[in-house]
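Each of the two complexes below includes subunit A, the first together with subunit B, the second together with subunit C.
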Partner chain A sequence: MVAMDARAAVKRARLSIRRKRLRGLAIAAPFVLPGFALACVFTLYPTLFNIRVSLSSYHIVQRSMTWVGLENFTELFTDRGGRISLAIRNNFLYAIVTTPFILLFGLVFAVMINSLKRFRVFFRTCFYLPVITSWVIVGNVFAYMFNPGGAGLVNYALVDILGIMEDYVPWLQRTWTANAVIWILGIWKNIGWSMIVYLAGLQGVPADLYEASGIEGAGRARQFISITAPMLKNTTFYVLVNMIIGSFGVFVQVLMLTGGNPRGTTSVLQYLLYDKSFNLFEFGQGAAIGVITAILVLITTIVMNRVFRTEGGRVE
Partner chain B sequence: MNRRAGRLVFMLTLITSTFVFIVPFLFMVGNSFEEFSYVLPNPPRLLPSRVSFAAYSHVLSQSDLPRSALNSVIITSAATLFTALIASLSAYGFARIDFWGREPLFRVYLAALMIPGFLGIIPQFLVLQSMGASSSGLIGTKAGLVLLYVGAGVCGNTFFLRGYMQALPKELEEAVLIDGGGHMTTFLRVMLPLALPSIGTLAIFCLQGTWEEFFSAKVILGGVQKNITLPVMIQSLKGAHLTRWEWIFAASILAQIPMIILFGFFQKRFVVAGIAEGAVKG
Partner chain C sequence: MKKVFTIALALITLASFRCNASAEETPVTITFWHTYGDAEAPVIDELIVPMFEAVNPGLKVEAVRQSGDFNQMLVAALGAGVVPDAARVDITKTSAYAKLGGIVAMDEIEGFAALKDAVLEGPLSTNLWNGRYYGLPLNTSCKAAVVNLEQMRALGFNGAPATMEEFIAAAMEKAPGEYKLSVSGLGDWDMYPYFWLFGGALTDEGFTKASGYLDSAASVDAIKAIQQMHDGGVFTIRDVDGTPDAWDGINSQYAMFFEGPWYPFSDSVVPATIPSYNGRSVSIVGGENIVIFSGSDEKEAAFTFARFMLSEEAQLKLLEVGVLPALKSCVESEAVRNDPKWSVYMNQLSSAKSRILTPQASTVEQLWSDAMSMIFLEGADVWETLAMTAAEIDYELAK
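Entry: the complex of A and B
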């Protein structure tokens, strides 16, 4: 009798827990469910389904998928042009070359603008202009400026005005000059973003620190090294991570400037994904490139966290 | 005296670097006023030889630019509106309602943030293809692209707004709850007004990001000329044989004006303040 009661009580308690949970879920549903449904359909499911597609041969017309195992991956890596390795190399080079310049110039311009008393809005807008301009537009402008002949502004400036070079350079037709133009465009477009984030970070540096050190006779440079730079450590980490992860999404520059030419030596992962999927309709290989990129991003993130957490101390 | 000289050098450095920095824009504006000729102006000019509005009147008289501008306006405003609505609802859910499974679900959202957006494009394409009645589904439709933008941004935007909402004091809401109001009343009467600055920041970044987005727009709408957005239209202006640069530049400048106005107005209130609050401290 007592045992029965206890069992019934446990049962009732369980039921009431379940009922409470359900009630909680019912209360939360109108808030969380619309977003959750969309996230499932357009973020979570695609991420998993992408892995499935990468292991299949997908036929766009019949809309059928056949399991092929790792064939897409082996095909990508044994391709005679070696396009995937070139693309991976170019993504890493882009990250390594552009990030330091973006950090440095962003910081320098932020500190300069921050020390102004007037015209702040004007200078901030000038440097932010590339950020709010579409990649397609700035890609076009750079394609024109780096025109191979004397009509290109850069050739004209370097050869005819400054006389630094003897001959016009066909910038976008050669591997390394073309890559350099892609990097320059990336640096130029992102400096404004880094500057804005640094400006925001600078607002968080207490002014009395400068006053106190000024009384003690510290100069501008000294103040920068001992106060500003350490206070901006978190900001720097934030910009760094965003720029490096963002480097795996380089696409429009390549599409507008080189199309991956000559012979895939300026191609990047996202361009290759686009080309394979929507020009050649090799969805399986396209999805495989997506999986490879995701793995690279994951490894890079882990490595960055290791390196900068131990060196930089507390980084959130 | 020394100080004044230093100040002068400083200002000169700043002005010179700003000038070099915006040369591409000056070049674009200058060349949009050029008259057409079969060869590119050689030597190149920063300032046009004469000011001609021919390129502007041409791109405005063609149907492509006005139509894709209208498409961009519709897609951008719909995506921003739904993004702000859905993100603030779910941010409220995660910040203020204690429901079963909340923490693990939020961790799934965070994990999804690690994956760069474009990687899902093939499944997203296939999902949109399978929706709707016609054989191509929502591919090539504005609704499809809006759905994609809103859905792909949910995790990040929820994360962004949740941070703000958690930081807001709870006392006001408790008063509403004691008065017998439910969570929906609290959300509409208390949370929305208080969180408005952060929702504004979110909306501005969403507007700007959607306005300039190219990759998904190209993949989803690229085949249907009447629905393409401005970036896709401008990209298609670059011809295989002869490129009318003055048309491209004129169209580009017209496409960019709304964003410049937007940021001119809101940069202090939402952009700088928003980044300071959310990104750097958070």
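Entry: the complex of A and C
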């Protein structure tokens, strides 16, 4: 009898917990469902569809697919000229080269602007201007600046004005000079964003730390090394993650400046995806490049999380 | 009851009249996508479309000028199933759209045979894929020599040189290392005319095989002749040498370069037939075709519009703003024969060759550019590079 009562009590308790959970879900549903539905329509479904296309031969007009397994991936990796390898290399190089500069200059400019008493907004706007300028416009400006002949501003300055070099350099037609131009454009365009994030981070650094260190005789450089930089570790991690993940999305500057030339040596994953899909009509391979990009971003994020191990959300 | 029947009958009769009336009133609208330039688009909108609508009262044309990457737009439209009825597309893309199944074989439409005979054969051939015609040439173009008369005088020529041999000899003797001939890059549009001029061949006539042609002794010699011109300081490749663009340099530095009819000629920079080499002049065909989309509901009306676009009146109206006609009868017209520019280009067209016609045209173009980059930028062996490229093109052509 006692055992039966106990069983009934447990059952009642379980029912009560279930009801409470359902009530909780019913309360949360109106808030969560719209976002969930949008995520399903605009993120989840396209992602799954892309994976399906990457494993198929996709006929765009008929909107039909023929299952080909991993054929698109093997074709990409056995492609002549190893374009996918070059693109992956260039994406990593872009991340490795541009990120430190963006971090460094963003931090330096943020500290400089933060220390200003006047014209703060003016300088903040000036440094942020490249971020909001259209990639296409900037791409065209850079294409003009690095024009191969004397009509290019850089060649004109280096050869005709300063006389540093004897001959004009076809900047965008050589692998490494063209990659350098792509990197410079990326750095110039992103410094403003990192500066704004650092400026926000700097507002969270207690002023009394600087006052106390000042009393103890610390100079500006010491304060920067011992207070500012450590206090901005979390901000740095945030900028770092964004910049590295963003490096896998590089596209417009390559399209505008080099078209992946010469011989695909300045190509990047997103440009290759575009080229395969829209120029060569290899939609399956294009989708496969999308999947490869996602895998690389995932691996990079995991590695970064391991390297910059966090404890309670703080970077160690 | 009788009254009800009478009213119902009257209503049905009225409704049917209404339907007939609306069918007569609602014209069929054809959507036509194009990329005509600033000078040409108003001719389409303000002259040609009204002319077409006047002679075809039941038809209306919505001409939409597209900008940006037109190919990308068309691919996106094909994917979304929201295609125009007709479009003006680049000759190199026609077979690719045909392979995708996006455009219809026009030769199955009544009236095609007459149009086929009326247009120039070279441009028409760019519509052929898998034994069927998937479009009609709407306008054509080719490259001719753009000559700086003053520079030519300095080299000892009164006007354009007749042969390439004498031009090279004069440039080497009178202006050594000064680059008197220029080309922008290493792509097919830039380099094919030189390659063909010096005796090179890309494939067999049917575009089925590159091996045996691209890697033949004649092709190797052609590339070596270009190399010699380049190394001898006669011929410059802007993207390799970092020299000024031909459009800028022709006014001060270069004596000649090859370009389409869109170059703004002047009294001192004039068009001329490309000088012959080994007794023959060669050029490259460009231009656009008109195609009808598989997804169109108004294919017949679209074909009527295509036929009108190939009428003499439409072609001559467009010629006035610099669009070279694809119609045989226009080529012989006085407007063309008496015009100093058009007469050169139409004459050059007779020796103009088409690029490799294949749905894989973009890949083939990339392979060619890669090969030229290897040879001119990296100093790769000519024969080895051409043999490797020929094998790769064979693979693409077999797809």
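Keep this in mind: the second predicted complex is superposed on the first by the 279 of 316 C-alpha atoms of A that agree within 3 Å, B and C clash if a C-alpha of one lies under 4 Å from a C-alpha of the other, contacts with A are read in each partner's own complex, and residues count from 1 in each chain.
Note that in this section a contact is a pair of C-beta atoms (placed from the backbone, for glycine too) under 8 Å apart; a residue touches a chain by one contact, two chains touch by 3 or more.
Computed from a predicted model, the values in this text were never measured in an experiment.
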Partner chain(s) touched by A:150 [first = subunit B, second = subunit C, both, neither]: both
Contacts of A:125 with subunit B and subunit C, given as first, second, both or neither: first
Most subunit A residues touched (candidates subunit B, subunit C): B
Partner chain(s) touched by A:30 [first = subunit B, second = subunit C, both, neither]: first
First, second, both or neither for A:80, with subunit B first and subunit C second: second
Which of subunit B and subunit C A:278 touches, first, second, both or neither: both
Contacts of A:39 with subunit B and subunit C, given as first, second, both or neither: first
Partner chain(s) touched by A:47 [first = subunit B, second = subunit C, both, neither]: first
First (subunit B), second (subunit C), both or neither touched by A:137: first
Common interface positions of subunit A, toward subunit B and toward subunit C: 63, 147, 149-151, 277-278
Residues of subunit A that touch subunit B when the two form their complex: 21, 24-25, 27-28, 30-32, 34-36, 38-39, 41-47, 49-50, 53, 63, 109, 112-113, 115-116, 121, 123-130, 132-138, 140-145, 147, 149-153, 156, 160, 188, 191, 196-197, 199-201, 203-204, 234-235, 238, 245, 248-249, 251-252, 255-256, 270, 273-274, 277-278, 283, 286-287, 290, 293-294, 297-298, 301
Complex contact set, residues of subunit B against subunit A: 10, 13-14, 17-18, 21-25, 27-28, 31, 39-44, 46, 86-87, 89-90, 92-94, 97-102, 105, 108-109, 112, 114-124, 126-127, 129, 147-148, 150-152, 154-155, 158, 182-184, 187, 208, 211-212, 214-215, 219, 222, 230-232, 234-235, 238, 245, 248-249, 252, 255-256, 259-260, 263-264, 267-268, 271-273, 275-276, 279-281
Subunit A-touching residues of subunit C, taken from the complex the two chains share: 69, 71-72, 75, 78-79, 81, 96, 99-102, 238-245, 248-249, 294-295, 359-360, 362-363, 367, 369-370, 373-374, 377, 392
Subunit A residues within the subunit C interface of the complex: 59-63, 80-81, 147-151, 155, 167-170, 173-174, 261-264, 277-281
